[in-house]
Amino acid sequence: MQATPHPLPSPTPLAPPRAGEFDARIVSNEPVNAEYRLMTVEVPDGAAEARPGQFFQILCPHSGALQPFFRRPMSIYRIDPAAGQLSFLYKVTGTGTRTMAELEPDATINLFGPLGNGFTLPEDGAPIVLLGRGVGLATMAPLVPFARKAGHAVTAILSARTPELVMSEAEFVDAGANVLAVTDSQGTSAVENVEDMLHGLHAEGRLGALYVCGSNRLMLAAQRVARRLGLFGEAALEQQMACGVGMCFCCVRPFRQGDEIVHRRVCSEGPVFPLLEALEW
Amino acid sequence: MQATPHPLPSPTPLAPPRAGEFDARIVSNEPVNAEYRLMTVEVPDGAAEARPGQFFQILCPHSGALQPFFRRPMSIYRIDPAAGQLSFLYKVTGTGTRTMAELEPDATINLFGPLGNGFTLPEDGAPIVLLGRGVGLATMAPLVPFARKAGHAVTAILSARTPELVMSEAEFVDAGANVLAVTDSQGTSAVENVEDMLHGLHAEGRLGALYVCGSNRLMLAAQRVARRLGLFGEAALEQQMACGVGMCFCCVRPFRQGDEIVHRRVCSEGPVFPLLEALEW
Amino acid sequence: MVDLSVDCGGIRLANPVMPASGTFASELADIIELQRLGAFVTKTVTPGKRQGNPTPRVSEVPGGMLNSIGIPSKGVDAFIDETIPLYADYDVPLVVSISADTPDGFADICRRVSVPGVAAVEVNISCPNIEDDGRAFAMRPETTLAVMRKLRQATDLPLWAKLTPNTGEIPAVAQAAEEGGADALVVANTILAMSVDIRTRRASLGRVMGGLSGPAIKPIILRMAYQCVRAVQIPVIGCGGIMTAADALEYLIVGCRAVQVGTATFVHPGAMLTVIDGLEDYCRQNGIDRIADLTGTLSAEAHDASLEWEAIA
Amino acid sequence: MVDLSVDCGGIRLANPVMPASGTFASELADIIELQRLGAFVTKTVTPGKRQGNPTPRVSEVPGGMLNSIGIPSKGVDAFIDETIPLYADYDVPLVVSISADTPDGFADICRRVSVPGVAAVEVNISCPNIEDDGRAFAMRPETTLAVMRKLRQATDLPLWAKLTPNTGEIPAVAQAAEEGGADALVVANTILAMSVDIRTRRASLGRVMGGLSGPAIKPIILRMAYQCVRAVQIPVIGCGGIMTAADALEYLIVGCRAVQVGTATFVHPGAMLTVIDGLEDYCRQNGIDRIADLTGTLSAEAHDASLEWEAIA
């Protein structure tokens, strides 16, 4: 249920392929900067048909004292069905991502997916704007080629602490997005500035639908803009997961549904949700 | 306490170096035959002063579903103080030895030792006979060079299922032992035959003290011969261990002490015990 | 061909492997062949609607996980209308897990879920009883007996009593459940536990304490299952830390008739099927024609010592 | 410089880290610097000589170990003559762990070990009481109170009561121990458990059941320690699954005054020293001058919910 009307026809659902558990060969696993790494894996037929916004549950290996028990959810960063390859862009933070980072090419890693519901695109070819920070960029990156292929103009606002940490700029540009980088160090990433930029894009006819991921502040800004302009939008959200497929109810978050606050499971009812229903965290 | 008198002067105690926990670099870790592997490690100063019969508690790595919790006790098979190296000859049987077998050269392995009491030699340079089977050969191998250096003639009776499985024959010969191999397939390993061989060696003046490890049947045979001939002897025994240093009392075995049956800890009161006090298992 | 079927607490299962309540839902149909399971066991349902506990609801610990999901529930009416029909097309017995916070509430929901399509009712008496200061029904034999008697009168369906491992007297509780009319025991639910994030000095669960499940609890629950097997005549279903067929075999060997697999499914969605395959392989390799013959084959010689066993010191 | 010293149950410790009974002996002096420990705790000693249990006495399980060592003991006389003097040269408080199978026997051995050189007596009331059908004293509040009262009259030394995690009512048992005169609680002993070798279909311990210790039990014992901290005024000493300083910190944060390290020493003989070093580092990094200030700093906001907590369902 969309809380406000929007001027675009109902979005096209992208049916996900059947999820499965499999061992994938690691093609490469390289640092991108001091915090992030990019892992590319070879996957069996079908798995590379995954949709932008879907994710995999990754079984991180045990390594010495580091013994991750749960799988780790990771968005698909790059989808290459021709090569039968998928990539994950991940931040090395805790137990699981640290053991993931140790894996060498040709090692295998156990994946479960693709899972969850991906992004939906407006039907009428409206121009779209992606708004992301940090890990959120990984989640939205594959939306660019999909949207371009479906005939949408794409603008991406990439937010980061410093210009050096703006990730994936080339990835977005190569895929055909118009990229605007905003950073804390340059003072351009403030919410007010981003809201102004969004209004500017709208005035230029470049903002027909809005997608956001990776920052609570940006999501709230996007909601304000979408509400004001009556735009269709989606937010991709995170929550800790155990099963990844809707069985355990650990990954719930609160959502606005009409006048009610309801709990929805990020794994199976998301991770992509209608922008205006998401509540801040 | 030695249950029967023996004609040799009291044995020389070999004081062990202080035990410690350390990471050792693996120099090599190669299969010896279908069941056994030989691991050579580089150890810090002092550790290579270990005595024959002593053992290390090896922390086997975790590998996938194999998660050995306890350390694994392994006798020292080869001592090379000049090179600062020690070797272990081990049979790949269960969880821990399987993960040990996966380690590559240059990896590190955590060792704790040397532990326990090693073999003692008679003072008067009497000729000695070693009697071993399977893993027992690993335990007795380093006794050969020590005994030769101390001026003892050494005969080693090596028992195995088939001639191909007689391990370490070269190791024993190179170190200066006279080797007699007995095998099940040739019908020479029967206890009666081994007892006859021992009597023969005694008659030839080659059996002044007797050391046994690795087979209950051989130990009982050695006990009969030693009792009959009034010989000094020692047996190296095994028992499952947790702490390895006498604290937990899990590694007890029964011993004959005068008229009593007492429990002794294999780790700290052994693993080498007076031959005639050991009880069968 | 190995005969994997077992009679278990009033129903016949094609094989002894089923999901543990709260770790299974119809969503799994997209991922594994549900038809191969011995039974379906639903997430516990309560009389009314409930939200469940605050997040974080799970946390990983060495060899397992903590959860304080609570029982988010859409209420029994929605459950009957929406959930039960989801399983109508499968030829697999459906076991419905229920709970309530008073004995009468328990009997009432038991009566209401006794509808066509339901093969047995699993009563989650590990949940708090507000008439006993919030202590779980299955903490004490007296409260277990009382609630089981009411439940027994409320349904003709087979009744499985799911016990809590947090009691200090599980054999007595097991006997009370049997006396009260249980057709089988499920041993057991999660063990109350907690963990702390030392950076923030906060409990890692929103609710502070939660239930420990997974491999870490297997040796404890296996011991309890064994104690229950020796205390009662009705079948015992082992549940706790089963990740592999080897784990399930331990439960069968100590005397369980069937097993439930919970947390393992979160790590390996196909875990239940791997367990079924492994049980079949073991039987074949060990010349066992009927898996039911494996139940209770623990080598007897050491039994006597353990009879007197109470604590290890 | 961080002040690591703590007052704990009637004695002052240079730091809050000590060995758990049964996992320490003077043999460790050859390997680590014993002088650095907060206290020494001896293996439980019984009035008379005992052999202990049949082998196998230990078995490894995921994340821990089972033991059924029993209490091989040379008897209290030999203990006083031979063992106590071994620790005379150290400037570290000696805590003697005792046990007996009747309340009077317990009081008697307590009196006998109250000799110079002993700083405190740890009473292992997790052991079977033959006057209560072999149930451990600490299974129930009543038997705990009774034995603690007798012990209190038997000695002027500080008395530490070591509880069993196998009870279903640990807060009530903790209160009974306090009421009976305990100066501190050790929470807790091992959890009764078992495992089976599926090849031989035999229990992996000679005694079938044994005590589970090691990382697997930490979340359970941490929860119990926290419950005890909230139930009593006397200090609680946390004991269960501590392998690293991070584990010890969890116990201190939930309110323990000190900790005991057991199984970890078997895996890493220097584990206790690593824990001490890690505690000091944590305090330094977090601007904590006295480690005693860390005790009970669990963030309060979630406490209320947990007060009503009984089971997770």
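Letters are used for the chains, namely A, B, C and D, taken in the order the chains are written, and counting of residues starts over at 1 for each.
Just so it is clear, contacts are C-beta pairs under 8 Å (C-beta built on N, C-alpha and C of every residue); 3 or more make two chains touch, one makes a residue touch a chain.
Each chain and its UniProt protein: A, B = Dihydroorotate dehydrogenase electron transfer subunit; C, D = Dihydroorotate dehydrogenase.
All figures in this text were calculated on a predicted structure; none of them were measured in a lab.
**Student:** For the sequence-identical pair chain A and chain B, determine the rotation angle of the Cα superposition and round it to the nearest 5 degrees.
**Tutor:** 180
**Student:** By number of C-beta pairs in contact, which two chains lead?
**Tutor:** C-D
**Student:** Using only Cα atoms to place each chain's centre, name the chain farthest from chain D.
**Tutor:** It is A.
**Student:** Could you please state the distance in Å, as a whole number, between where the Cα atoms of chain A are centred and where those of chain B are centred?
**Tutor:** Taking the average C-alpha coordinate of chain A and of chain B, the gap between them is 60 Å.
**Student:** How far is the middle of chain A from the middle of chain C, if each middle is the mean of its Cα atoms, in Å?
**Tutor:** Computed value for the inter-centroid distance: 37 Å.
**Student:** When the C-alpha atoms of chain B and chain C are each averaged to a single point, how far apart are the two points in Å?
**Tutor:** Chain B and chain C have C-alpha centres separated by 49 Å.
**Student:** Measuring from the mean C-alpha position of chain C to the mean C-alpha position of chain D, what distance in angstrom results?
**Tutor:** So the centre of chain C lies 32 Å away from the centre of chain D.
**Student:** Going by the contact rule already set, what residues in chain B reach two or more other chains?
**Tutor:** 67
**Student:** What positions in chain C touch 2 or more of the other chains?
**Tutor:** In chain C, the residues touching two or more other chains are 61-64, 67, 69.
**Student:** What's the contact topology between the chains, one of line, ring, star, complete, other?
**Tutor:** ring
**Student:** Tell me, which pairs of chains are in touch?
**Tutor:** A-B, A-C, B-D, C-D
**Student:** Could you list, by residue number, the parts of chain A that touch chain C in their complex?
**Tutor:** 18-21, 59, 67-71, 112, 239-240, 242-250, 252-253, 263, 268
**Student:** If you look only at chain D, which of its residues touch chain C in the complex?
**Tutor:** 22, 44, 54, 61-64, 66-71, 99, 124, 126-128, 133-136, 139-140, 164, 166-169, 189-196, 198, 200-203, 206-212, 215-220, 222-223, 226, 241, 246, 249-250, 253-254, 282, 297-299, 301-303, 305-306, 308-313
**Student:** Could you list, by residue number, the parts of chain A that touch chain B in their complex?
**Tutor:** Going through chain A, the ones touching chain B are 61-62, 64, 67.
**Student:** In their shared complex, at which residues does chain D touch chain B?
**Tutor:** Counting only chain D, the residues touching chain B are 22-25, 27-28, 30-31, 43, 51-52, 55-58, 60-65, 67, 69, 72, 214, 265-270.
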